[in-house]
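Labels run A, B, C and D following the written order; every chain starts at residue 1.
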Amino acid sequence: MLLILLLVPLFGAVILAFVGDRKFAPEINIMCSAATFAAGAGLAVQVYMHGPMLAGGKFFFVDAFNVYLSVLTSFVSMTTAIFSRRYMRKEREHGRVGHMRMRFYHAMFQLFIFAMLLCLLTNNVGVLWIAMELATLSTVLLVSLYRTPTAIEAAWKYFILCGVGIAQALFGTVLLYFAAERVLGEGGEALLWTNLSRISGELEPTVLSLAFVFLMVGYGTKVGLVPLHNWLPDAHSEGPTPISAVLSGLLLNIALYALVRCKVLVDGATGTHHAGNIMMGFGLLSILVAAFSLLRQKDIKRMFSYSSIEHMGIATFAFGLGGTVATFGALLHMLVHSLAKSAIFFTVGHASQMHRTQEMDKIKGLFRGNPLVGWGLMLGVMAIVGLPPFGIFTSEFLILTATMKNAPLLTPFLLLGLAVAFAALFRRVQSMVAGDVPSYQKPMKAAHVPVLLHMALVLVIGIYMPDFLNKWFHTAVELLK
Amino acid sequence: MKVYPYIIEFLQIAIFLGIAPAFTGWVRMLKCWTQGRTSAGLFQPYRDIMKLFSKDVILADNASWIFRFTPYLIFGTAVLAGGIVPMLSIDLPITSTADVIVLVALFAIARFFTALAGMDIGTAFGGMGSSREMTIASLAEPAMLMAIFTVSLASKSTSLSQMVHVIYSGQSVLRPSLVFALLAFILIALAETGRIPVDNPATHLELTMIHEAMILEYSGRHLALIEWANMMKLFLFTALGIATFFPWGIAASGDIGFIPAALLIMMLKLGIAGAGLVLLETGLAKMRIFRLTEFLGSAFLLATLGMLSYFILE
Amino acid sequence: MNIIVSSVLLLFLSALLAPLFKSRQRLLINASFLLAAIASLLGAAGGIWVVGAGITSKLILPVGLPDLPFHLRLDPLAGFFITVICLLSLFVSLYSIGYVKGYLGKRPVTSLVVFYGLFLAGMLMVVLADDALFFLVSWEVMAAASYFLVMFEDELIENRRAAFLYMIVAHVGAIAILLSFGIMAGLTTGFESFSGYTFDAMRQAEFPLQWATAAFLLAFFGFAAKAGVVPLHVWLPEAHPVAPSNVSALMSGVMLKTAIYGIVRVSFDLLGGFPWWWGAIVLIFGLISAVMGVLYALMQHDLKRLLAYHSVENIGIILIGIGLSMIFTSYNMPLLAALALIAGLYHTMNHALFKGLLFMGAGAVLHATHERNMEEMGGLIHRMPWTAALFLVGCVSISALPPFNGFVSEWLTFQAFLLSPALPGPLLKLLIPLGAALLALTGALAAACFVKAFGVTFLGHWRGSRNPRVQEAGPTMRLGMILAALMCLFLGILPTAIIEWMDILTEQLVGDKIGTTAGAFGWMWLTPIASERASYSGSTVFLGILAVVAVVYLLLHVKPSAIHRVPIWDCGFAKINQRMQYNAASFSMPIRRIFGFLFNIKEQVKLTPRGVHPAFPMRLNYYLRIRDRFWGWLYKPVVETSFRLSRRVGRLQQGRIQAYLIYSFITIIVLLVFSR
Amino acid sequence: MNINIAAQINSFLAALVLLTAFGMLVQRRMYGLVHLFTWQGLFLSLNTAIVGYVAGRHHLYISSVLTLALKVILLPYILHVLIQRLKVHKEVETVINVPMTMLIGIALVIFSYHLMSPVRELSNLVTRSTLAVALATVMIGLLMMITRKHAVTQIIGFLAMENGLFFAATSATYGMPLVVELGVALDILIAAFIFGIFFFHIHTTFDSLDIEQMARLKEED
């Protein structure tokens, strides 16, 4: 099951590379992703039945934490594939992408998914790093798909900054390995997460605290934490929308996942709350900076990428905070945020296609022009700013509660950030959805399935959390203790 | 149950209806004397009302039902108020329907509808009258209530008969708070009943008139009712002042025997009060409308002083 | 319980069905608003029964957080507010059937219908909620739904601005409420478990004073923001006028009351045992809102805006009652506390009814004339007599004139004021009566304001330049208004019955009731505390006036005398036209002069004189603009600061990749130093 | 060859690596940079081989060969080709304020030494003393990327960082597990192709490789 999950996208990439830009390429893309999702679901059931498991000779490892993320990843990638079918077709009609690039796009999309799943499922911290780098590389050229000067600039920044960051992470990994080797002895065993987590208590604290700095900076760059975030708005705003959706919906989650794994080890080793404090610091900084930057955005996708920074900040903060409630909230937050945010990006993509621009001042009258896009965007934003009954409210409620308990003095800052972000997002979105239809707005058939699906899920999770999810989260919380 | 109180009640209302014009006449008569004119006599108001009743009604084209309904309402409230204020006897059955706050509210209703009637025809004068009337009222009412509160603090009640009873039964002879309250009350009464220096009942000079401006379009029985109600209002305020501040001589119990005496004493007091009113009116000059804030402000100040002095001195 | 829940479900149903009938708008309107009306009827019945029987029932829904499912609790307090909400929503739903049809052919009304249902359901859920999470969820559902209702006619920029402002204020308020609940929950269980978030736990818990104060202040801030208490009221006169009138009726009438409910619930029920100055705070803010609200209302010439400012005023009056009650409670005088609380709650119900009535009337006018500016109206009483009469009832009630309901609650409040000398503190003794004077001022000004509102709108001649075809409101609209008007009268002349019905509330909240004494003189005398203290019988006043009027009328019409209709006399002035009438601005001019210092007034007169003599100007332009001072004081600074900050933050993203590399470089160095 | 000779060679090579790193920091010419980079790669692979020999870790030979192939032959070749294709070989880049950068570099060396001293205490490998050098190389690579304004030089700086990391791996733990080494190599390969493509894109769109002009996406106004 697990191998299927990994192999499908890999072969999908190869196949699509050959299929190229035939008429049915998007369908194949969708099929591959669907298969991936099916496999992921199967795996989830397996884990739900028999609990955590090792596979492929200790090479792969599945537990409550990464299984739900991998299901999420495969799911969102499937919906994104569905969305991108219509979207990219439109883009072709607009003549923004050519034959060669479509081929490239589809192949890279699958490769990207493969990289992310590998990240999640591998048991080897080194391989985790490699997969992460792979994920970066596979998306770099997707970001520059349109070959406009800004797109190339964005991609370049993405490439360089993430490359540098990830390099730091590798150094951190080396140090980790060094520390582990002294306990576990030589050989590849020493990089296996299962072993590491088992003996994390005996690892050398000084080394690990050093290692964590590099890991933090490395993976933090990919999570998009301030002040390492600068690549993120550019990359999100310049790439094709499906890519923006998966970038902020999934990739950030994956990076955060890696970071959290490392944090657990470090905490285990040092026995202090050192790593947690660092993460909290980064998280809070990200929330505030992102919230205030939101106020002055003109480009719609840029704005939502900043909101992604903010939410990643919240999740990081919560993980840093630790404790049952906060961790639970953080896990939930990762889930609902990626659902809601990708849904938003879908609608945003359609909106900007309808107006042939990403400038928010020019986007108007979505309610009238295309109710689905308009309401989808509105509801998505209401979810993302944390209005009940959507799931993000629940997670933020939990996180706030935990904050009030453990770090009451930080609560006002958190709330300030949330309030400002609320105001900023609402101000813009309202002016986009409301009002009369401008003359230059082109009607179009929107891909409604993904949007509705995501919003429905977010809503349901908000008011009723299914039991298995609850169980998973609780076991995951136990793991991350 | 006792019958007498109800008899007294009706007696009082009847007397009230009957005497009110005479009191106005009395005031006018004194005024003529002080100004060296020959007066039309005590009963001129009756003649006026009669005349108006016998005349037909001249109604503007666009007068609505409000315009026609208002006179009756004003009259009704006036009569009801007359039933409430204890003039002859303390325990009147109706008194307990309404305490002094309700009394103020009754006047407010009348004012409300008069003002509406003023705007109904859509003339400049009507609107001006209504606007000014409501402005003055909105300043006068708080002062009025402050004065009343002072008294009701002293008598631990807002029910009129109770207030009168407490003061009557001599627990309070010449308290400073009451003195202040009385002064305030006089100023307010001048404002409420539209006398000089606030308003001049005897003129139709466009820019100075307030109350007259509102009822400019009325005629016939409507006007009669309004005039009569105004006379009652004047009478009522005087009676109220007398009852709350100088109740001595009023019939303490619901015994019919005391009534004639009470009636006489009341007449006497009214006479004196009217004289006082005339002295004030001839002494003062009509104020500009924006000076009224000072006038009513001082009334409010006095009332407040009364209340403070109740807490501080007593 | 089940009745209420079922009514909530019905409302959801009406909301959910709407999209299905997208295509059949007329059917949609009839069906869904009828459904809403039925639901409200159910709710009202349930509420009345619950309060009457004084029962408390609970329910735990299987949804929500795994550790914190949604708790519902229906006690008399909730029942009372449900009654208020449902009564008005019943009338308004009936009214809406006619009103919303006015949009047919202009715009799709689906969203209006959907959010109307959600809005009502949200309000009911707020009242039912028995744990912090569910409370906040329903609170925000209510806020969001009403936000969309305000934005219904979204092509107008002013509507969007208003809606946005409303949303922001509401959300900030919600955050404050969340914090206050957080504090309470934390003190109950130390965040160990989520059970701390249930209201039951908060009831049981004992809070240290300083924390309780913090919680109370936060909650008061949040609820005040919702209720539009000065200085947080600025959103209210923006948002209420631009909403469709049936919605503004609900928003003004009952949505603000959920905030009142919150204040009562938190202070009396959850926290309890407060010091006197909490009450003083509530009282003071109540007084300020009352006076400022009515003064600002006087300056308006937009009918619905005027009404919105009156909501601020009336919320103030309600808070006065509650504040007094809190003060009395803190000095352990249950009877007086009960009196004051009854006054506040009674006014809550009254305001719901007459403000709803007034907004419905204003809506009818808007519906007929497509005009909100009073300066353009006049003489409507001839063209729409029903609306005029019903609006008049509303005016009389809100101006606190007997025998209508507004007077009863105001009278009770006065009584509460007059009993304040019983308080120990000399300071309170001296100051509270002044509050009574302010209340009196408010009442008188309100009367002035409504003379203006009614007079300018319905009386005189038509002032407008264009002259639209105006016809009377439709039957359903009239039905809604008539019912509300009747309720106003009923509450006015039979207060004792209502108060005996409400007694259970005060009994539970402050531990005493005034009902028995109120009933002492039989059903028609309202005598709180003691009969020699004070007494009022609305019915007698009503009947008395009625009798006298009838008698006089009959006497005068025994012999029929002609009524001659003639042109206006007006002191014999020649040809008067409608531009010579007093209008809204000129009516309120004296008061504007007197209280001018409170407003931000810009007034200018432009004369363009004819050549011959400056004394005979060709034309004269008069320009008047009155602004709410609180804009400049409170809101502008916040906005400007945040934008300045965001400009600062923007510098981070300055484009050059080297700079970004430097960031990460420095970050590493700093962290290394920090963790070495 | 006994341990301490090996250690001496090892640290000598480390010194050379550091030297080349500094050289790159101040080298103005493209080709010069590429040559320096090649040298660095060579030293690395030598070092790896020796360490492998001393520590008897045979998979280190593989990675040393990999390094040789990748960083001494392939990458420099690619760079050469690109530089010629894009005609940037004549371009001489102005390095701002050489002494300053040098000083910062030195400070970095000291800092990383200070930083790595605890690790050094713990380690009992021959190569333990070179860990500091590895970190310093990484840092200097980063510093180089910061100071340079040319796409190619930035990439070279990036690769230098990669070298440093590799060096760190060998010197801290006698190299990572083989699978990781392979993966890293693969990644670097892909990266090489990607930046190759990039150079062309940038050159075609901006008709120069100066990244100063890639500063349009910004917030401040």
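Here is the rule we use: contacts are C-beta pairs under 8 Å (C-beta built on N, C-alpha and C of every residue); 3 or more make two chains touch, one makes a residue touch a chain.
The structure displayed is predicted, hence computed values, not measured ones.
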Chain pair showing more contacts of the two, B-C and A-D: B-C
Chain centre separation (subunit B, subunit D; CA means) in Å: 103
Distance from the mean Cα position of subunit C to that of subunit B, given in whole angstrom: 36
Cα-centroid distance, subunit A relative to subunit B, in whole angstrom: 79
Whole-Å separation of chain centres (CA-atom averages), subunit A against subunit D: 31
Residues of subunit C touching at least two other chains: 647, 649-650, 652-653, 657, 661, 664, 672, 676
In subunit B, residues with contacts to at least two other chains: none
Set of subunit D residues in contact with two or more other chains: 115, 142, 145, 154, 211, 214-217, 219
Touch relationships between chains, expressed as pairs: A-C, A-D, B-C, C-D
Footprint of subunit A on subunit D - complex, ascending: 115, 118-119, 122-123, 135, 138, 142, 145, 151, 154, 158, 161-162, 165, 168-169, 172-174, 176-180, 183-184, 186-187, 190-191, 194-195, 197-198, 201-202, 205-206, 211, 214-217, 219
Subunit B residues within the subunit C interface of the complex: 53, 56-62, 64-66, 72-73, 75-77, 79-80, 83, 94, 96-99, 101-102, 105-106, 108-109, 111-112, 115-116, 118-128, 130-132, 134-135, 137-146, 149, 152-153, 156-159, 162, 204, 206, 216-217, 220-221, 225, 289-290, 293, 300, 304, 307-308, 311
Subunit B contact footprint on subunit C (complex, rising order): 378-379, 381-382, 385, 388, 392, 396, 399-402, 407, 411, 414-415, 417-418, 421, 426, 429-430, 433-434, 436-438, 440-441, 443-445, 447-448, 450-452, 454-456, 459-461, 521, 525, 527, 531-537, 540-541, 544-546, 548-549, 552-553, 556, 561-571, 576, 578, 580-582, 586-591, 593-594
Contact footprint of subunit D on subunit A as seen in their complex: 124, 126-127, 129-130, 133-134, 137, 140-141, 144, 147-150, 152-157, 159-160, 163-164, 167-168, 170-171, 173-175, 177-178, 181-182, 186-188, 190-191, 204, 206-207, 210, 233-234, 237-238, 293, 296
Subunit C-facing residues of subunit D, complex: 111, 114-115, 142-143, 145-147, 149, 154, 211-212, 214-221
